[in-house]
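Take a look at the structures below.
Across the two complexes that follow, chain A remains constant while its partner is chain B and subsequently chain C.
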Partner chain A sequence: MKQVWKIGTIFTAVVGIWISLLLTPGLPPSLQLIVPYFPMYALASLGCYGLGALGYGMMVFRVCPEEADLLQKDITEAKTFFKEHGVDLSSD
Partner chain B sequence: MELGDRAIGFLLLLFSTTLFAYYTFWVIITPFVDSDHFVHSYFPAREYAIIIPGIAIAALVSFVLVFVGFVMVRASQGKPMAKSKTS
Partner chain C sequence: MPSYADEDRKIEQLHPHFYSVIIPTYNERLNIALICYLLFKHMKDYKFEVIVVDDASPDGTQDTVKKLQGIYGEDRILLRPRAAKLGLGTAYVHGLKYASGDYVVIMDADLSHHPKYLPSFIRKQLETNADIVTGTRYVKGGGVHGWDLRRKLTSRGANVLAHTLLWPRVSDLTGSFRLYRKDVLQEVVQTCVSKGYVFQMELIVRATRMGCRIEEVPITFVDRVYGTSKLGGTEIVQYLKGLLWLFFTT
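Take a look at the complex of A and B:
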């Protein structure tokens, strides 16, 4: 429950800052054009970051061929061991 | 197999970077460009920078909720049928 309160207060504070920025009369016109688009821009950036991190993770994921071979050897060894001791491990 | 995964990952990375660059240019840079510059022909009206992601987010959330509801209804329908068969 504490984590929810913390996140909730931070979110409310950020939304409050955004609304106060929207309502200040004395803002320079360069900022006045961009401020209304802040929340949607933040959401779009979050989505793009998520997709990009996913793609990057897919690119650098290691496949470990040596460990795959060792695992196959372990599997065949275990199968022969169990077959000798009478347990049938065929998959049909 | 891993080459296919690498290619998909790279395409995803490229797509997300392009999307972010296009959206940033659209929201932050187009208001400061002269209204008769040629660059404005590559971007729709600036209001659509809110409307299109808004509709996309609403559609995504609706789809997730409908799917969860569908799975829940199907699960609760399976239980009474199994009970009546065994009893």
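Take a look at the complex of A and C:
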């Protein structure tokens, strides 16, 4: 099933449940008060999830300057090797 | 003293597979030499060949490759140039035509992908019998160097978007340091149409949908030392378009 249909199906199901809640007679008044605002809650939650995931991703994103140093060593080693084998690598 | 034939046989028993490393290049005269040196250093226990697909670099990349062939042998380093700059996706298809290995490694020529990680790709593949092993910068042991805050934010933001929309089973969609079973790559690459960053994402998403077994290993990504890399507004727009394209077609 294509991704768009998967997400579309979930979306439709959720909207369906919401509409049926809206139309249900005899809900307690406290619920009746908040049900119309569910889409806003959903939107806000999605935004929070996005920001949270981004923040968490940034937090655990490792920087590795030591890898750059190691690479420099490898480059020096390789250049020495090629010099010995007569390959000119000097960049003009 | 063991002869070379004995040594070969030992390697054969330990490591039954043959790996074709495809490296697309454009103006990578220096980097291609460095990467070949590092490949032969870290892959000495494995049977492999390097296939350089050069898109008519004006800087003499092909001359360097010919010199490398003189050192390592023409059967170990294959130069398969193309007449013009024709893009990454088709470079893989082109290189694949000449690959004699049963497994294919694809990596960038700019040293942001270090050959020292290849043994861990191969071990992972042997352990799990995966169809694809992909390098990831986003798990423990992985990481980046040389990215400013903006680049990091863009990269992570792009990743969150892609995960929310596409539900792939890999953490790093746009990385291109990967090991493929050759027949799997041949099949998937036929179905891919995108370019650049999106191509890497399309490849792995389509492979996921095809039911391929995909495993990950951590890699560190050191942004290119020689030359410049870019990530501007046009790349971001292309990425978003690609994301939507995959959302509707996979």
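Before moving on, here are some points about what is shown:
The rule we apply is simple: the second predicted complex is superposed on the first by the 71 of 92 C-alpha atoms of A that agree within 3 Å, B and C clash if a C-alpha of one lies under 4 Å from a C-alpha of the other, contacts with A are read in each partner's own complex, and residues count from 1 in each chain.
Operating definition for what follows: contacts are C-beta pairs under 8 Å (C-beta built on N, C-alpha and C of every residue); 3 or more make two chains touch, one makes a residue touch a chain.
Computed from a prediction, not measured in an experiment: that's the story for all the values here.
Touch criterion met: A:Met58 reaches chain B and chain C at once. Legend: residue contacts after superposition of the two complexes on their common chain; A:Leu22 is shown touching neither chain B nor chain C.
With both structures placed on the common chain, the touch criterion links A:Ser45 to chain B but leaves chain C unconnected. Shared-chain residue A:Val14: touches no atom of chain B or chain C.
Contact with chain B, but none with chain C, is seen for A:Tyr37 once the two complexes are overlaid on the shared chain. Comparing the two complexes, residues 49, 54, 57-58, 61, 63 of chain A contact chain B in one case and chain C in the other. Within the complex, the chain A residues that touch chain C are 2-4, 6-7, 49-50, 53-54, 57-58, 60-65, 67-68, 71-72, 74-75, 77-79, 81-82, 85, 87, 89, 91.
Looking at the complex, you find that chain B touches chain A at residues 1-2, 5-6, 8-17, 19-20, 23-24, 27-28, 31-32, 49-50, 53-54, 57.
Partner chain A is touched in their complex by these residues of chain C: 29-30, 33-34, 37-38, 64, 67-68, 71, 111, 114, 138, 142-147, 152-153, 156-157, 159-160, 163-167, 220, 222, 225-226, 246-250. Note for the complex: chain A touches chain B at residues 30, 33-34, 37, 40-41, 43-45, 48-49, 51-52, 54-59, 61, 63.
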